[in-house]
Each structure stands twice: as C-alpha cells, then as structure tokens.
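The structures considered in this document are given below.
Look for chain A in each of the two complexes below; its partner is chain B in the first and chain C in the second.
What follows is the complex of A and B.
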C-alpha cells in the first residue's frame, strides 16, 4: 500500500507519547536517578552516591525477600503452569468442557484483593475452611499463613487464580493441533498419556515457554496477595521484593534505598526476559507454532 | 482437535469433580457464611447453618459505603478505558498506516514499555505526583492506569491494523479523504472486534488495580473498591460474616458479567498476555 502521512502524521502518536512520558518514561528515569542520591525524607540532599547499592548485599530482609520470590516461583511453576497444563490435557478429552473451563478461569477476573481476603479466611487457624477439612479428615490443623508454610500458601492461592488462565492458553494451543498429527500414534495404540507428553506437549512448547516467562517475571512483580493476606506477619516470613520495596519507600519514606531496590527488581525482571528470549531462540527454534 | 476415540475413565471423572469442588466450595462457603451470624459461624465454621439471614448484605453494603466506592471505581475505570482506547488507536493507526520519521523508534519505545514492571517507575511516579499536588485525587488513579495500559493496547491494535486489507482506504484516499477521516470512518468501524478485546482487558485491569490506589490515595472518600475493601477488612477483621458479605457483594456482579460475556472476557485477557 502507498504510505500516507504528510507533515502532521506524527501528531497521531502525540497523546499516547505524552501520557507514556509522564507515567512511565520520566518516573523510571527519576527512580534510577533517586537511587544515586542522598535523601532526608522527600528532600534530596546530594547526587552521586553509591551507598544505597552498597547496602543491598548486606540487607538480610532483602535476602529473605529474594529467597521467598524464588520459592514462590518454584511453587507457582508447578501450581499455575503445571496444573494449567494438566487441566488443559483433561479438558480436551471432555465432550463438553465449556462450563468446566469457564469456572476454572473465573478467579482470573476477580480483584486479587477479594481472592486474597477470601483465602485469608479459608486459611484461618480456628475458623478456616482448610483446617476444618483437615480436622474432619482426622489430621492436625496447620498454621497456613506462618512459617514455614507462608510462601507455599500464597503460591496455592496464586495457583487457584492462575491455573485457569494457563489452562485456557494451553487448551487453545492443543485444539489447534491438526488431527493428522495424532492419528498414526493412535493407530499404533499409543495411550492418551503418551500422546499427550510425546506429541501434544512438544507441539505447544512455545506456549509453555511463554508460561515460564509470565510466571518467572510475574513472581517478582506480584504485590496484592502478599500485602492483603500477610497483614499479620510480624516475623516477615512472607516478605517479597515488591512488598519490601513499598514498605521501604512508602512506609519508611526511604526514597534512595527504595529506588535502589526498584532498580534491582527492574534488572532482575529484564534479566529473566533476556534468558527466556535465549531459551526461545535456541531451544524452541523455528518450529511451527500451535 | 478432540481425541474422540478416548472415552472418559473414572479417574478423569474424579479429577473433574475434584477440580470443580476446589473452585466451587470456597465460593459457596463465602456466600453461606455471609448469611450467618458470627456466633453461629464460629461455633461451626463449615457446616449447615442454624439459619440464613441476608441482613448482613445490607449491613456490609452500608458500613463499607459501597455506593461511593463502586462509584469511584466506575468513574476511574470508565475514564481509563476511554483514554486508552482513544490514545492507543490513534497511535497504533499512525504506526500501522502513516509514514513519518521516527515512527519505528516510537513504536519500539512502547514495545519496551511492555517489559518494564510497575516497580521500575513506582517511586518516581509517587514523588512526581506528590510534587504536582496530584496525590489523593482521582487523576492519581486514572493517569497511571491509562499510562500503564497504553503499551499493550498499542501493540495489540497495531498488529491488528497491519492485518487489515487496505482497499477501502485506498478508494477513500482516491476520493480525497484525509487521514483522520480514514481513521474515523473506515479503520475504527471495521476494528470493533479488537476495540472490544482491548476494552475488556483494560477495564478488568483498571477495575482490579490495587497497588496504584494503595500508594496514591490515602483519602478514604475517594478510595476505589479495591483499597476501600482492604481498609474495611482491616477494620472489621473480627466480624467474619460481615466481611464475607462484603466480599459477596463485590464478587456477585463480576461473576454475572463474566458468565454472560465469558467468551469475550477469556479472549480479551489471554490476548493481553500473549503479546508479551
């Protein structure tokens, strides 16, 4: 097509560009600059210090936060992506799976604050749904939202929310696989499980790598569930980078150090994306996508 | 495709029932508990209630000042979505159809914006809005929500426009139409599908947004539903059934909307993630 434009064509991008500059570009630059400044509350004192960055490796709470983030990512890979793949594998065998899929997807649309508050009640020691079920089954009740279970319990809620999301993505990929790909395996008498793991899953590995990307980066971004469910966590057994960041800059008014944590978090998220991009390039290759 | 030759085993049937229970039981527990009294709930948190009494819903609705916070959330969400659709479609149209210098660089900048987590700019955003005197205003929610929703909306719309045939536009240009007329009369009307997808995604994200109002809004009067519910839960944490009632009130309209528009909602949310 012939390209149209003229001298005013760039004006169409101006409103979006302005808003993007105000909300994302300038504040990101500010955050990076703040991290090398000395502060007294909201008063910048001087520029050009690395003290905040020197503090990072010595901060034990930060180390715990990092550790919790990694544990959370480990569990959510299983509980979100793993469960999502299992559910998708089940759903393709159901004659009518629409209702099933809709129900499992439903928590994705709810505000995480609502889901978090509901599960906080379900995790309660005395009156919670889960401990009542454990007692009914003759088991000991658990302190779900305290160490050592804290991070696992939050991951469980994440799984409850997001398994349906990954199921939907994987399901869409699985039903796009042409029937002819599976026929010969069926004729050879391969079991559904063999077909699933040997043929269907490899064909949607692009989507699985995407899930890997969403869960690993998302593991460092999630804030709501931790903030909402762990209001009573005096030992900070469930501190993660996003909540620690908000506590540092917002509650303790430590702008400089909070900004340094932001930069660290940014580097981690972009680093993960780089690694996943490499995996995609060398491992997934140029296969057809489904 | 479906493996029609494979019949359902009892294991699969058990798995489906188990999964349904995992999703239905907590929701059912919330609704039932919402209609009980606290002593009855504490005596037997899970089980057949002594009586069901919808009075908690009225009490929770009034005590949580829901009319106000629903209203704030509706205003913030509707404005956010309107801004995102307007700004993003204009920009995406120019990236897809018009030729000017710096066009690809600009699009690249938005693409880059997709990968930045909110934590990269949260501190700067707070300090900036503080110095602009915008903290505790409705703008401190609308502008960040819209700014954060732009990048994904532009990328999705640009690729959609790229795939549209241009014959209609060519004949309009033959008749002397301007680029804006082509945008308004041709490109936008034939793109209603993607406008709906992006609207759904933006609306749900803005409606559920928690971190931005948590940081920006300390004034109870203009808190949206999410953070006002958080404050409510903190204040009435000992009144279990009241909290369940408040949660039920928030969840119910969303469930109804979701189950009516489930196809579009699922497509909208997964489209938002797939372009990452």
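What follows is the complex of A and C.
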C-alpha cells in the first residue's frame, strides 16, 4: 500500500490540535498572563508582576486547601477505587444480579446538589440519621461536618456516589477475563479470594491505574459537594482548592492571585499525571490487559 | 430492523432537542416591541416577595410595553457569587440591590454603579435623613436606600422565657444567668447557624465594638496604619465569646449548622434565643403560615462591664438599590426607583415588618414592632457597620474565621494571629 506523505498525515491532526489549542493551550496561557498582571478587581492595570507568586508560599488557606485535597484523594482512593473493586468482585459472583449493580450505580446519576443536601441532613448534629444511630447505640454524637472529620465525611459521600462508577469499570474488565483462567485456578485448588487477588485483580490493573488517575486528578476538581455541604466553611476545615479558587475569584475578586493559584494547581496536576504515567509504565508494563 | 428503529429514535431525539433549544430561546427573548427592565436582589421572605411582585406589576401597568424581570438568590450567594456573575453576564441587571458602605465604593470603583445624585436630590424630601449613610461617596449619591436594617438583635421565644420566669437581660451577667437556667432545663440558650460565617461574625462584631470601642473597631477594620487584628482588645472580646461556648450558652454545632436550619431549631423550641437581624419577622413566615403561633420578641444586646464601646450601640446599615452604570434604560430605572420608595409601595413593605426609609410610610404605621425598632434605630448613639458589608471583604472573612475558631475552642490569640497573617498583604 502506498504510504501518504507527512504533510497529509498532519492534516488529520489539525482538528484535534485546533481544539486543544482553543480549549487547553490558549486558556492556560491566558491564565498565566493574568497571574503576572496587576488588577483592581476585574480591571487589569499592568503587566509584569510576580507579587501573586510571592504570596503563594505565605498563604495559610492555600496550604490548608492543598492538605485537604491530598487527604481527600487518599480517602477517595480507598472509598471509591477500593470499594469499587470490592463491589466488582461481589458483582462478578452475582453475575445475573442486575439489580445489585443498578442499586450500587444509582447514586452516580443523582444530581450532586441533591446528594449533598441529603447527606447534609444525615450528618446533622442534632437530628441527623448517623447521630441518631450513634445515640441509639449509646455512643456520643459526632460533628460529622466539623474538624477533624470534615474531609473524611465528604470523602464518605464521594465514595457513596462514585464507588458504583468504579465498580462498573472494574466489572467490565473482570467479565472479559477468559473463564479458562479461572477454571484452571479452581482445578489447582485456589480459593475464590486467591483467584480474585492473584488472578483477576492483576489482570485488570490497567483499569485500576486508570481509576487512580481519575481519582487523583478529579480530586482537585471537586467543588459541588464541598460547597453544598459546608457552605462558607468558617473553620476552613474543609477548604479545598476549587472552593478556595471560587472564593478568590468571585468573593475577593482577586483575578491575579486566583490565576496564580490556578497556574500552581495546573502544574501540580500535570506532575501527578506524570507520576501516574510512570506507575503505569513500570507497574502495568506490556502485559496482557482486560 | 433493530438498527432502523435505533436510528429513528436517535433522529427523533435530535429533532426534539433542537426544537427544545429553539423554543427555550424564544421563550427567553423578549418580544420585539417589549423592553425588559432587569432587577437583581437577594432573596426575601414571602411577604416581601409579595410586595415586590406588586411593585413590579404596578410599574408594568404604568409603563405599557415594559416587562420587569426579577432575579433573586439567597443572601450569601447573591453577595459573593450571584451578583458578580450577573454583572458579567449577557443580561446584566439594570437595577440591583446593595448594602450601603464599602460595597458601594467598590462598585463605583469597578464601574458598575451609576452616579444618581440628581435622583437622590429629588427623593431626599420623602426619605429620612439617616437613610443616606453609606449611599454617598465624596458628596455624590449612588444608592437609593429603601430599608434600614439592624443586623444583630437578640430574638427570643417569649413562651420559653415565661415558662422559666425569665425576662430580657439588661447586663451580660443577667444574660449568662438566663442561659444557665435554660441550659439546666434542657433548652439551648442561643442558637446560631454559622455555616455561612456571617451570623457569628456579626454577633462577634458587636462584641468587638462593645469591648474594644466603636472608633477602635472602625479603625482596625478599616486597616488604618498602626492597627492590627490581633490586638489585646479583640483578643479579650474573642475570649469572652469562647467562654460563652464553653459554658454551653451557644449551640455546639454553630459552625456547621446552616442559616435556615437554625430557624428550625428555634421554632421547634429546642433553643430560646437567636441573634438575627430585623428581617427575622419576615423570615419566619417561610416556616409557618401562622406567625402568631410563635410568640417572639427581641432585645438589644446588653452592655459589657468594662467595655470601651457605647453600651447601646447597634450593628446595622442601610440597604437599597443602585443603577447599573451600563444600563440602556436609565430613565426607566429612575422611574422604578421613584415608585419603589413611594409611600404607596412602602406602606406594604412596612406592613410586612420592614423599617422603611420613607418617612410618611413609617409615620403612618401603627405596628408596635416597626415603631419600636425604628425608635431603637433612631435613638442609637452609635451605628456599627457589619464587617462584611462595611469593610474589605477579605478582612471580614479573616475576622469571621477567627471568631468561628474562637467559638470552636481555638486560642483567641492564635485565631487572631492567623487572621492578621491572612490580611498582611492587604496592608
């Protein structure tokens, strides 16, 4: 077959490159430009300042937001990916149970504002469901949305929503594993748990790494639950980067500093994606994937 | 066959979506001969909404071919995200609600607020003199005030007070004693829903001014040279708030309890008092159709022993409406504001419990609540501006967080040190 020339091949990439330039590259460049400008609220005054970047390391709230984001990612790795994997393992044994999978997946389709409000009621100190259960069990009620539980509680809700999503992804991988692999293991006397952890999980590790990537990068985007459940969070116990960004841009109307935080956040997310890519390269390697 | 059915279904869906989009756009756009006057404000209680609707219909009746659109969102959302987004949108409001003071100055500097000194001069004879505080900057007027608010007064459940033979306190010691009685009877003395930060923030603001001194409060919050948030007087005031929390005077979950939820706690009798503004009267109508079944009354916060502020100071401000500097309907906006502050319209607002700036409407009112609050406002020697509407927003936020953390148990000095560090770059 005749090979097309390089110039023709580039043409195929033009739509994608155009989209990338318009949606990613130009806004990123503009955000960087805004971050080195002086502003009076929404009006640009001059270009060429580094004062916003000098403020970053001294910002207590920013430090707290980063910390909360990382703690949130840690918990969601367990509560979303870990629980999703466990549920997929259960679902594979209940292969005909569409009802089970539908129920576990159901929270994904609920609007996050509704979910947030429902859970806010469940977490309420005086009349919330969880504290009523604790009181019934003879324990002291907890302030679920106050420190030190704030981030954990939001992660719990996040896990409740997204575990079903990850279950579906992992389930799709598990059903693609040939039955012969599992039958051989069974004949060799492996228990269901051994088969799950030693055969099924390793064979879908590319999907697990995908889950890792979604949770770590997505962890820096979460806004709705935090905003709905914590409102303005006067204790800053649940401040995360997106809520802090919205506060900086809209409440404080500080475009320059908000842009500097965005640039830092972009750099951090790109760095994390790089680390995940490395994990994927060395851990997943070239083995067969399902 | 199945493929054909799927293709038909997808086709029908696409057509429906396209039709929906076209119809939705058609519904949003005004008829070619119609002029739309857009108003934006924070959400009000039911009777205020009813009166505002009446105002809009009356304006439309007087101005054929004009339609008034009212965009409203909850107070905090409007203040921090709703209004800024609307002003930057393709359909910005022609007239919008504002709190008098620092926000007016910011809006003028940003080029959003029109100089309406001529309209203000025309309306001066019908509005009371103190209404213009916070509406003027360097001799020019930018807001037509229609309402005067006290942002913090202590509302209490009369029935609970009667049950335990209590009466409104005249000193802080009495307030603490009342609280102890209530607590011993299983009633939360004071409930605050501070998830939005401003309730305890305003309440704490009164403490700061009463303890530290009214002028001192103003100097510190205005970030005058040489002042700092972590000063000894503010630390002492925060310590007092912390002691209140430690003694169980305020609800344990104040920093995670929402504004609306706090009303539920008060109205179901679990708590006896709530620091809240003059809009309380209208607000409780959201929760009941029979307000008389909730026997509430109010008192001003009692004086501190040893405090340097005036013992009868009040935290409050004037609110009103400004005109968007970029409006294409200036004359209509003028007419709307003329109608808004007219006695014909303000009589309805006063009947709903508002403290109107219209002198005649207030004089015509026989409502004892309205008259007593007006008396309290007019007789106060010092009106303290709330931190979040009277001063820089980042400063207010830092202070509110320090107050919330002090109530939470954090060392007041450390809480204010942190607040000071947050506002350093503003100085």
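Just so it is clear, the second predicted complex is superposed on the first by the 260 of 290 C-alpha atoms of A that agree within 3 Å, B and C clash if a C-alpha of one lies under 4 Å from a C-alpha of the other, contacts with A are read in each partner's own complex, and residues count from 1 in each chain.
Methods note: a residue touches a chain if its C-beta (ideal position, glycine included) is under 8 Å from a C-beta of that chain, and two chains touch if they have at least 3 such contacts.
Here the structure is a predicted model, which is why all the values come from computation and not from measurement.
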- Message: Going by the contact rule set out at the top, does A:60 touch chain B (first), chain C (second), both, or neither?
- Response: second
- Task: May I ask you to decide whether A:190 touches chain B, chain C, both, or neither, giving the answer as first, second, both or neither?
- Result: neither
- Looking at the overlay, does A:231 come into contact with chain B only (first), chain C only (second), both, or neither? both
- Can A:276 be said to touch chain B (first), chain C (second), both, or neither? neither
- Note on the structure: chain A contact check, chain B vs chain C, more residues touched by chain B
- Message: Let me test your reading of the model: by the given contact rule, A:182 touches which partner, first (chain B), second (chain C), both or neither?
- Response: first
- Task: With the two complexes superposed on chain A, say which partner A:125 touches: chain B (first), chain C (second), both, or neither.
- Result: second
- Item | Which superposed partner A:146 touches (first chain B, second chain C, both, neither) | second
- Message: Contact-wise, after the overlay, does A:42 reach chain B, chain C, both or neither (first, second, both, neither)?
- Response: both
- Message: Under the stated touch criterion, which partner chain does A:246 make contact with: chain B (first), chain C (second), both, or neither?
- Response: both
- Return the residues of chain A at which the contacts from chain B and from chain C coincide. 42, 126, 231, 246, 250
- Taking the complex as given, what residues does chain A use to touch chain C? 40-43, 55, 58-61, 120, 124-126, 143-147, 230-236, 246-247, 250-254
- Inside the complex, what are the residues of chain C that reach chain A? 76, 80-81, 84-85, 88, 106, 109-111, 194-197, 200-201, 252-253, 255-258, 261, 265, 270, 393-394, 397, 400-401, 403-405, 408, 418, 421-422, 424-425
- Listed in rising order, the residues of chain A that touch chain B in the complex are 1-6, 9-10, 12-13, 15-17, 19-20, 22-31, 34, 42, 87, 90, 92-95, 100-114, 117-119, 121-122, 126-129, 132-133, 136, 160, 165, 168-169, 172, 175, 177-179, 182, 186, 192, 195, 210, 213-214, 217, 220-221, 223-224, 227-228, 231, 241-242, 245-246, 249-250, 255, 258-259, 262-263, 265-266, 269-270, 273
- Note on the structure: Note: in the complex, chain B contacts chain A through residues 1-3, 5-6, 8, 12, 15-16, 19-20, 22-26, 29-30, 33, 41-42, 45-46, 83, 86-88, 90-91, 93-95, 97-103, 106, 109-110, 113, 115-128, 130, 143-144, 146-148, 150-151, 154, 166, 169-170, 173, 179, 182-183, 204, 207-208, 210-211, 214-215, 225-227, 229-230, 233-234, 240, 243-244, 247, 250-251, 254-255, 258-259, 262, 265-266, 269-270, 273-274, 276
